[in-house]
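Next up: the structures, one after another.
Both complexes below contain subunit A, partnered by subunit B and then by subunit C.
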Partner chain A sequence: MPAADAIMIREAAAGYGRRAILDGLSLVVPEGSVTALLGRNGAGKSTLFRLLLGLLPRRRGEVFVLGLDPARAALAVKERTGFVPETPDLNPRFRVRDAIALVRGLRRRRWDDAEERRLAAVFDLPPRARIGALSKGMKAKLSLLLALAPRPDLLLLDEPASGLDPVVRREVLSALVDEIAREGRTVLMASHRMDDVERLADRVVFLDGGRIVREGPVEDVRAEAGNLEGVFVSLLAPPKETVSCEA
Partner chain B sequence: MELTVDPGAPRCVSEQIVAGVRLAVASGRARPGERLPSVRSLARTLLVNPNTVARAYRDLTRDGVLATRLGDGVFVAPGAVPVCRRASLAAVREAVRAAVRTGLDAGLSPEAVEDLVRECLSKEGAPCHAGR
Partner chain C sequence: MRSLIAKEWRENRALILGLLLLAPLASLAFKALAPGWAWRGLESTGVLLPGLLGLCTLAIAADLVGGDAGSGRIRFLAALPVRPATIWAAKVAFLVLSATLYLGWCLAVEVAIFHLAGRSPAVLFAPGAAANDWLLLVIAAGGAATLFWSTLLDRGLAAAVAGAGTVAAIGFCLQMASKAGLDFSPGSGNLAPVAFVTVAALLAGSFLAFTRGRIHLGSRLRRALLATGAFLLVAAPPVAFAGHAVLRYRSIGPSDPDVSLQIFEASPHDAWLVVYAQRREKGPFGVTGPFAFFAVRTTDGLVREIPPTCRAPEFPGPGKVVLHRPESVPGEGREMLLRVVYDLDRGAIESTRPVVRPEVPPVRYGPHLVRFKRPMAVVSLDGTVQAALDIDRVPMPITAPWGLLAGWWTKGGMHYEVVALDGGETITLPALPFLLPDRRDGFAWRIEHEEETATVLRFRLDGSPGESVLSGHIDGLRTSPDGRFSIVVVDGRAHLLRADADEPEEIAGADLPGRATGVHWAEHRPCALLVSRDRAFRVTVGPDACAVECVSIAAGTDICRRGLFDGERFVVCDEARGTLDCHDLDGRVRRLLPAP
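What follows is the complex of A and B.
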């Protein structure tokens, strides 16, 4: 299995009950890249993350994450992967510092204390506050800290900056720019914010109907329709009747 | 040197950085010998992928706009001004061409388009020589 691919999926299928969400999906995410996963709501982006983390079994095909099969080695994959879900999965009764201490304990082999302190300071996280009392922005920043402090080889981001106010969004983007600058890490991010994708990604893949319908370097793909939003709409919008204007 | 990027614009982010540096040099806001921010620092300011900034710096170095001094960072190259003036002139010509085409497409006469250009120039405070 190729060492230079952080993610390698061949002809994978996965879904819930009788419903197939991913069907015949093949995808390669090169090590060191920042790849953006684009697709309409319900295209299967979150399902793909669950498949990569070993939270959802595949029905056929091959899946390798950092050279490991997540269906057999979910723990080893999680050990080296940081995941920021769309909705932070945090116990509302915990205090911020206790949530950090818990994950620090689970990830102690890779945890970087200096990075934890740095991010806690730049994010201005209140250590004694209960998570249930935090704003959406604070929760997003805490969730990002918990994913970044273990210095993951692979960072999976599901809508990292959606629904955040412009100030928090800049803080999150800034932390991601720092992370991207770190040698050797790979990032796969799902986002509906085409501007964030143009800022951060070097590759894009479009997911539709359970498979990848277009992929390539951002600069090549965006050139097809002026910018990424144009490509997104022309690729994924249902065909419409042309509006004509009678003189 | 003030640089900005607009991620949804027709030009990709790296080309916008290239154009921004060229414009700063052509207009004299950045002079030969001036040091540019490091790749990492500009990436943080603009909130873009550092590889994108690195690519822009590489293209500018190839074109003779920037020069690297080993261990000392990236600077505006000694011969950068004429290179950037030529490139900026080409960019302005393209922008004027687009504006003229918009005017003609909207049904304006060539004279009306010309008058608009003069009017805009005078509003910018530039002396305008009445040619006719």
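What follows is the complex of A and C.
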């Protein structure tokens, strides 16, 4: 695998039980790039993230994350990777500071206390507030803090701004933009929001039926249909039924 | 690990605080409701403390894994750089730590309450309190079982119920095992290995399901299969080993050296005898009592394992033995038996059929058949009641063809009577004779001791005093099984007493050295073996005189102990050492059991 590729997947297949979600998927994410993963619901975006983190065994193919096979070195991959899930599964009875203390304790090696303080100030997270009482936007910010404070080499974002109001979404995305600009981190993000993708990403990948159907620089892909949404619909919308009248 | 344990503490903080508060409340309520015995230390340590500790353990263990799995928090943990094994270990460490500290808290609360009430808390630590240690094993098993189920189910209450149910099921199995003779009572010390294996197997199941069961993906079937597999893998070998040890202990073979032996019965037709073997020591888990029956042919040492019998074996003919096995009790003094005829030469059961016999079988006394009925001993001939004995009279083994010797106790000592089997007359005797006459007006024989000297006296059954016929140091005495002859060795000289004679006969040619002499009568022939330290004689009793033959017997003091003589060879059974040796009359000794 070339040293410049943060993620390299070759003909990988994975699924749950008898269901194959990813089937012969091949993908390269260059180091330092921001790649957006686009696909319909159930296309396999979350499954791909689990595969990259070693949380789901692959049935065939090769997967390398930061030069490591997640099936064999899951711990090392997770050490260097920050993951923001679509739904943060935190204990609602925990306070904000409890959740930060837990992750800090488990990511002690790379945790940056200064970065934690900076992000806590930027996001204005109340440390004594119970997580169950936080709004969706605050929970998203907390998830982002927990993923960014260890200064990961690779950031995986599963619909980071999903369900957020425009104000909070702007705050979260601004923080992400700053982070990317400052650190030059590799980012792979799944999203349905084309404006978010256009704002953040420099590469786009379309996922359908467990395979990549189109990938490339955002400008090149956008030029095909004028905007990314047009490309999305043209690539991923189900074919319309044609009705013909025959005599 | 510390972060994970802190996480568990934060998640269970409210529960633990509630349990801490419960301890003094429960103790005070206990003492208010049962003041009579709640202040005895044993009740605190035997009921209250284990109850609180059990509640704490189950309550914490119930949600330890299921809480994270059911809420989805496990997915969050799975994405962090921490091994699943570390997460699991932190949970178990938290459970053990919490339970231990809680036990200390409960004990401290008890001590404080006792102290405040002006009572000595020393009773809590009295020696008897340690007898409740087995409850800690039950609680440990309950905690492990609840953790096991918490790993499979995502519901805490269900896990707690399943955990308690698992412990109850194991308890039921132990109770069944106790009925089979294994001892799993609290003080037996056998509960500890059971608890250890149970806890280890359940923890192994939980561990494997948690670390390999893809719990973050919610795959229940995979978890269940892994947990069950690990449980069986850990539990099966020790259970199989223990089962094998018990079966091996219970199974007694003819080569087994760890048994005590008793000669049960000898065949009158050939050289077979039946031997009873029983394990000397207690077995694993306190199992006792396995026994076996063997038929041994003394001529060549052939051993057959024969079915067990609940009555003395009978020998209907050469090479055959009849054994009885209980089937059921029909009642009214009768029992149903299975009569098994075993062919000793072929080594196989020839036939079986059910028979109904009286519970107390009749006994043959010469030409008479005598039957006893509890609680009253009733002597009957062919079903006709001839005489009745009080319940404090015991039929004794010395008989004459016409009479039955019975004994009874009073404050003064033992008294003896001869009950005439025809006529029912009862004759009181001054002492226990060793030989009764074959007619009522003949002489009976008894021994009186005075310091180093013993005197053999003969006396009539009319109450007249006895006459001394032999006096000296008695080196040996034995009466034949049919009650017709006795051989008594006095100062190294052997004398024969006959039931139908008035005078003793000196057995010429049996020159014994004046030391302890074993007198061994053949079971079914008028033939006896006299064995002293370095010489032996076979005495064959004829109608008028005795034939004496010097024979060779291997030297050894055990020869003077009980053995079985069949006229041709002498079989010695050492019960303690579990050996059966055949001494041929040419000096050879052959080991019959344990079989080589």
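Quick note on the criterion: the second predicted complex is superposed on the first by the 238 of 247 C-alpha atoms of A that agree within 3 Å, B and C clash if a C-alpha of one lies under 4 Å from a C-alpha of the other, contacts with A are read in each partner's own complex, and residues count from 1 in each chain.
Basically, a residue touches a chain if its C-beta (ideal position, glycine included) is under 8 Å from a C-beta of that chain, and two chains touch if they have at least 3 such contacts.
The model shown is predicted, which means the values in this text are computed figures rather than measured ones.
Undergrad: Let me test your reading of the model: by the given contact rule, A:Trp111 touches which partner, first (subunit B), second (subunit C), both or neither?
TA: neither
Undergrad: Taking the superposition on A as described, I'd like to know which of subunit B and subunit C A:Asp195 touches: first, second, both or neither.
TA: First partner only.
Undergrad: Looking at A:Leu55, would you say it contacts subunit B, subunit C, both, or neither? Reply first, second, both or neither.
TA: second
Undergrad: For subunit A, which residues are in contact with subunit C within the complex?
TA: For this pair, the touching residues of subunit A are 16, 50, 53, 55-56, 75-76, 78-79, 83, 85, 87-91, 93-94, 98, 101-107.
Undergrad: Would you tell me which residues of subunit B are touching subunit A in their complex?
TA: Where subunit B meets subunit A, its residues are 5, 7-10, 12-14, 40, 43-44, 46-52.
Undergrad: Considering only the defined contacts, which subunit A positions touch subunit B in the complex?
TA: Counting only subunit A, the residues touching subunit B are 34, 170, 173-174, 177-178, 180-181, 194-196, 198-202, 218-219, 222-223, 226-229.
Undergrad: Which residues, counting only subunit C, touch subunit A once they are in their complex?
TA: Residue list for subunit C touching subunit A: 2-4, 6-7, 10-11, 71-76, 78-83, 216-217, 219.
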